[in-house]
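Listed after this line are the structures, all set down as structure tokens.
In what follows, subunit A forms one complex with subunit B and a second complex with subunit C.
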Partner chain A sequence: MNISRRTVLTSSAALAAASALGFRPDQVLAAEGGTLRLAMSSDLGSLDPGYFTSLPAEIGTLFCCMPSLARPRQDANGTWGWEKTEFCEMLEQVDDLTINFALKPGYMWSDGAGELTAEDVKFSFERMIGSDWGGRFEAFDRVDVTGTHTGTIVLKTPYVAIWMVALAYDSGFILPKKAVEALPDGRLTTSLPAQLGPYRFQEWIPQQKTVLVKNPDWTGTPAAFDTIEFVMVADSKAGELALQAGELDIAGLLPETAANFEAAPIPGTSFVNIPGTYYQWIGLNTEHPKLADLKVRQAIQRGIDVESCLAAAYAGLSPKATGIVPIGILGNRAQAGYSYDPAAASALLAEAGVSGLSLTLHYNVSNNEDAVIAQVVQANLADIGVTVELMPVDSGVYWNLGIEANGDDWKDLQMTIMAFRTGPDPLDAMQWFPASQYGVWNWERWKDDEFESLWTAAISEKDVAKRGQMYERMQEIMENTGGYVWITYPAVLYGVSTRVKPAFYPGGDYRAEEFATA
Partner chain B sequence: MIGYVVQRILLSLLISAVAMVALFAMVRMIPGDPVTLMLGARATPEAIARLNAQMGLDQPVITQIGLWFSRIFSGDLGVDIWSQRPVVDVVLEALPPTLALTLAGIGWAAALGIPLGCYSALRPGTFTDQALSVVSVGAISIPPFVLAIYCLLFFSVRLGWFPVLGAGEDGDLADQIWHLVLPAFAVGLGWVGYLARLVRGSMIEAMGENHVRTARAMGLPPHRIVVTYALRLAIVPTVTMLGISIGGLLSSAVLVENVFSRPGLGTLIADAAQGRNYPVVQGGVLAAVLLFAIAMPISDLVIAWLDPRVRKSL
Partner chain C sequence: MFASLSDFARRDPLGFIGLMLVTMILFAGLFGNWLAPYAPSKIDVPSRLLAPSWEHLMGTDKLGRDVFSRILAGSALALQIGVVTVGLSVVIGTVLGLIAGYGPRWLDSILLLIFDTTYSFPTVILGLALVTLFGPSTTTLMGLVMLFLIPAYARLVRSSTLAAKGADYVLALRSMGASSGRILGIHILPNVIGPVIIVACMDVPAIIALEAGLTYLGLGVPPPAPSWGRILEEGTGSIREAPWIVVAGGLPIILATLGFTFLGESLRDRLDPKRKGRA
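Presenting the complex of A and B:
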């Protein structure tokens, strides 16, 4: 083939003209041809509910392709509860220790794995007990199969949180017993031996995407898209650009860009701010000699301007926390019992007879927001005469600092910036603070008798309103120790194509099976 | 010559062995318990025990060292702690996109940078030479990841000419090349400037060599003097530089892969490090070291082929 100068010039001119007319090369555009493309910041790890890493691509795939008895659902007030799925004919808690279920007959697993039966439920839940996520099934005893499609879940002790912690969320998936038992070590990796749901897992391309396709044999609520792709996007900025270019339907946004996005959304996109299920606070070691006086701790509570922390670290897009139970979860408090008041803080320090106080603040260097918050705290406390030395620490080391079993670092801890994630039940958030967690995850190092009795009682309290009040009181007790400065429940921020209607699970994970075209 | 080849290969093997020892020490030197760091401090005792056994951390250190080396020599780099896939498979999947990006980046950089360097060298001190110098230094100064973001903004978002994400569909070569254009441009632009400067300097020196002056005196055509006599000599430092720059190229590729969400060795290592998936980190770093160890002797052999004086000295 001869390429002359004339050919090159003609081709260039044609390309330029095509560009000017809006021609786009044959790229795969999101939501075109029934493809939903969702950005994921991490690659698929494992699809086994007992051993997965709880990453959004894993949870999203399992909710689309595997059955469960129940799933989360928000009530009219935005509080998360549960509902039975379309696989269930009946699901009810008979008493504190017994839950009866009846599956609808006729739901068939793919790949010749037979019908969905109560034996599958028994196998799936009982294998969770010894799994990496077995902690969620501690109160679980067994499943008694009473018929092909019926059975009874038996608990060892009353545990009302079993619904939101285990059965209705990402540990409640039912696996095909025969197909899983046939696997070499009885564990799923990055494929599913048999599936049952509106979508089917088609392929995982490492470091690129996980592809689901519409299940042609599905007889339940129809799937909205022919294909769902969980696309790996390591860089948030690239995700935002891909959204603008039409290659994604939804992408996570960093707080600083989200603020601009909210102020001036890019044409064809909208901004979504979902209450997150992380809870972040500044912890004060109540046993450290410098912080042993309650008045000093109360002074620090009042000396930190949380609004400034949120403006600096989260561009003002995350709500001010009132405790450890995030918004939308039973037990979330309307407001904290203290507020920013530097004059009161100075007065409390004077009452305690403390001057020239210097403290250390450890934070996880992996979280950019923590570094920003630490600097605001340093400035705020300087205003009331407290010098703060910032101590950035690598995340691996950081999460061992306060654990007595892992060294002596806990003895020197004074202030820490902490953030845990909870499931959609307050018990999940509260489990790290009873007396048994003293020296483990209760780095503020306190114990309280009333808290202990409330903790025990709330586990079996079936009256929802009363249970909510119990968790509110427990947070009040925590706050009164002076060991906590509530910061935020970091919001989950998305840019979304106007071509789709998004849906989310608690904490902002994609509810891919319920996304729809706009 | 054979002795020289053997010597270079032995040196590469030594570099690889030292790297393997360093990798072994890396995991053991992490403060705290590596398994707890990998699984998170809230991991159950069962999960910790399982991973300890899987990684051989429940064995005495001497046994661990023996196991580590015997596994590597038998091609077993362990298992990805999350997906349970062999690390060898994971690394081999990530290698081709990185090699494609690195080779494409350096390929276009060499194809443009070397002629530009020659062009400048043949017109030293002219306006064109000075203009090319400014452009070259400018290209060197732009970090690849910054360039990558601006490429995305302009060519993908504004003009819609190129895709933003990924490496293209498997089995579709045209699509894969289409996805490679911007990342390769971002990786290679700095090298265009660098090679142009390097070749310019070497060429000016080579053009003053006796054999080049002799060729000129004998009335050989200018293009033959430049390509056959001067460039062949001037390219030697460039080849040396390309050989030892494989590490730098991989670093650029890591950042660019991240921006374009391309699969590859860089993304693999970065993700694994973030997730504290140490078997994969070790496997990925070992692959990068081996690439370096392979590139070094190849560049030495190319130099020996190009320069008769090097061949004679062997």
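Presenting the complex of A and C:
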């Protein structure tokens, strides 16, 4: 195509005229209709459930294009549980070690890969055992195929968390056995050899977008959009501008921007605040000589104004944490056992006979919020006579500080700002604190017999309410060590176009297949 | 004095602007903490992100701290890192350069090897490595800067010293039995120091910018020190909601860069013998 100076001038004049007449980019995009555009901060890596990095674009694509037996669903109280999918006729835990399932007949894979069968289920789950995500399948033994569409999942040991940790979430996808076995090394990359879902994966343009289109052969619940695009937007400010321009239907927001959205939504957009599945706390090394006295640790728990930390770091949009199990997950506590009380903190220090205490606080420089929290903590503790030296550390170094096997830094650790992410089961959050994690990820360095007993018992406790109470008690034990100042479960904040109705998985990941037009 | 200043302003307006800006920054650096209306690190979360007003001339940041007070206090830190570090580097670099240029050939070769090896490291990468090893602090940052500046100044002085070493006046001094120390300190140094001062003046803003850059990456001076780079970094997250923080953090860096650069160029025009005729 030849572009002459005349062409450029003519086109520019046409564009200027269109602008003068009031046409806006979002109207042009709206005219396309049927395309849902979701902002993603990270690019697609792998679509293999056994080897992906669990990035939102990967999970989102798989939920749209691949079947599973169960998926997460919130109950009336907002607590996450699971439900069987439309691929299942029956799904039932018969006893501690046995789960029976029956697939609905007639669901056909794309690309001539045949019908969805129990053999596919067996293949998909058994290959997870030796995969990168094999830890989620530790209690899993095998799948016995009892018919074309029926089978039994057999566990080695009782493991009630298998539903939310493995089967009903991002490790529970069923793959087409024949098509995957035909792949050179039996692994998926950035394409799917056969698909079965309301949408089909069409293409991935690196660093730009992943495109899904409506599956014309789908006989289940109809897809709401002709096309779904996971658009790579690495900078959240750019995402916010694209949302305002109508180029995206949903984009993540930084806390300050979200606060403005909440106060005065921009026309055509709304604000959504989803409880996050990260949990953040300030850890105190209970074995460090300066922190060995429980009263000193309790003084620090009461000397930090968490509300101020949240206002400064998260614009007040993230909730105050009460433990390590986030809101919406079984075992979330109603409240912590202490509160900000500088007078009580000073009294505890006096009781301990401590004055002129100076401590270090390590934090990861990659997290902007951590630096803000650290400065509030420094100011708060100065008020009760504790001097805090801030120690910002590069991410790569930071995550090795407390691990005994990786050097001697753990000996000098005093206070740290920590944040882990959990799946929708409390076991996932709690797994980093039993005695086996002492010197590994339990940087607060404590062990407790009651905690160990509860940890073991909760793994096989089928009574949901009782199991929840066990996890609550375990958090209470953690808190009583004085090694934890709970900060927050950072909220996931979105700006959403009013033309779509969003849906989310635990932690705020897009549930793209359930997005609908408003 | 006014007559000479006005003459300076008329003949070299950019140099004059540079002098004024540098004077202003030096003044802020020396008296900033005293002039600041609020304690620069005093947190007041309920007053966070207030827009500029008579109460807070440059508004407040995420933690409710007065940005104007932090900028003033940040001047002292910028001067400490910029001027003090460059000054120390000039002294050490000059001494090493004189020794390398005037000393025996083997010593020159060893020193030259050390200068070139140190100088060949990429600044930011070495900075990141040092900060990772020793932790971020003003001392680490000053050490990093000196590690790069000393070889640069030493090389400059060495070249001039080598040229002066064979000059008639030096040969005459040697024949009269003058000691090496006397020749270097009294006769060669005054002839080689001019270009170093010019380069050093031009380096000050670069060092201030380097500090701002490393701090922006979270690897410079640790909080709550009111470094200009930190003010910039902290303001970036709320650039649309509170743009005054980024403007306030960026402005002194721009002014310092302009001031020292203008002044450096003016000095070059006056001190560089090759340019004297053109000035």
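Basically, the second predicted complex is superposed on the first by the 493 of 518 C-alpha atoms of A that agree within 3 Å, B and C clash if a C-alpha of one lies under 4 Å from a C-alpha of the other, contacts with A are read in each partner's own complex, and residues count from 1 in each chain.
Here, a contact is a pair of C-beta atoms (placed from the backbone, for glycine too) under 8 Å apart; a residue touches a chain by one contact, two chains touch by 3 or more.
Everything quoted here is computed from the prediction, not taken from an experiment.
In the superposed model, A:Gly45 lies in contact with subunit B only, and not with subunit C.
Of the two partner chains placed by superposition, only subunit B is touched by A:Thr53; subunit C is not.
Legend: residue contacts after superposition of the two complexes on their common chain; A:Val365 is shown touching subunit C, with no touch to subunit B.
In the overlay built on the shared chain, the residue A:Val397 is in contact with subunit B and with subunit C. By the document's definition of touching, neither partner reaches A:Leu116: not subunit B, not subunit C. Of the two partner chains placed by the overlay, subunit B and subunit C both lie in contact with A:Lys237. If you count the residues of subunit A touched by subunit B and by subunit C, you find the higher number for B.
By the touch criterion defined above, A:Gly130 lies against subunit B but remains apart from subunit C after alignment on the C-alpha atoms of chain A.
Looking at subunit A, you'll find residues 237, 396-397 touch subunit B in one structure and subunit C in the other. Contact residues of subunit A toward subunit B in the complex are 19, 22, 24-25, 27-28, 42-46, 53, 130, 132, 134-135, 187, 189-190, 205-209, 231-235, 237-239, 241-242, 244-245, 247-248, 396-397, 399-400, 403, 406-407, 441. On subunit A, the positions that touch subunit C within their shared complex are 237, 240, 254, 256-257, 259-260, 308, 311-313, 365-366, 368, 371-372, 374-376, 378-379, 390-394, 396-397.
Residue ranges on subunit C touching subunit A, taken from their complex, read 41-43, 45-46, 48-49, 62-64, 128, 131-132, 135-136, 217-219, 222-224, 234, 237-242. Listing the residues of subunit B that touch subunit A in their complex gives 30-33, 36-37, 39-44, 46-47, 82-85, 90, 93-94, 149, 152-153, 156-157, 159-167, 170, 178, 258-264, 267-268, 270-271, 275-276.
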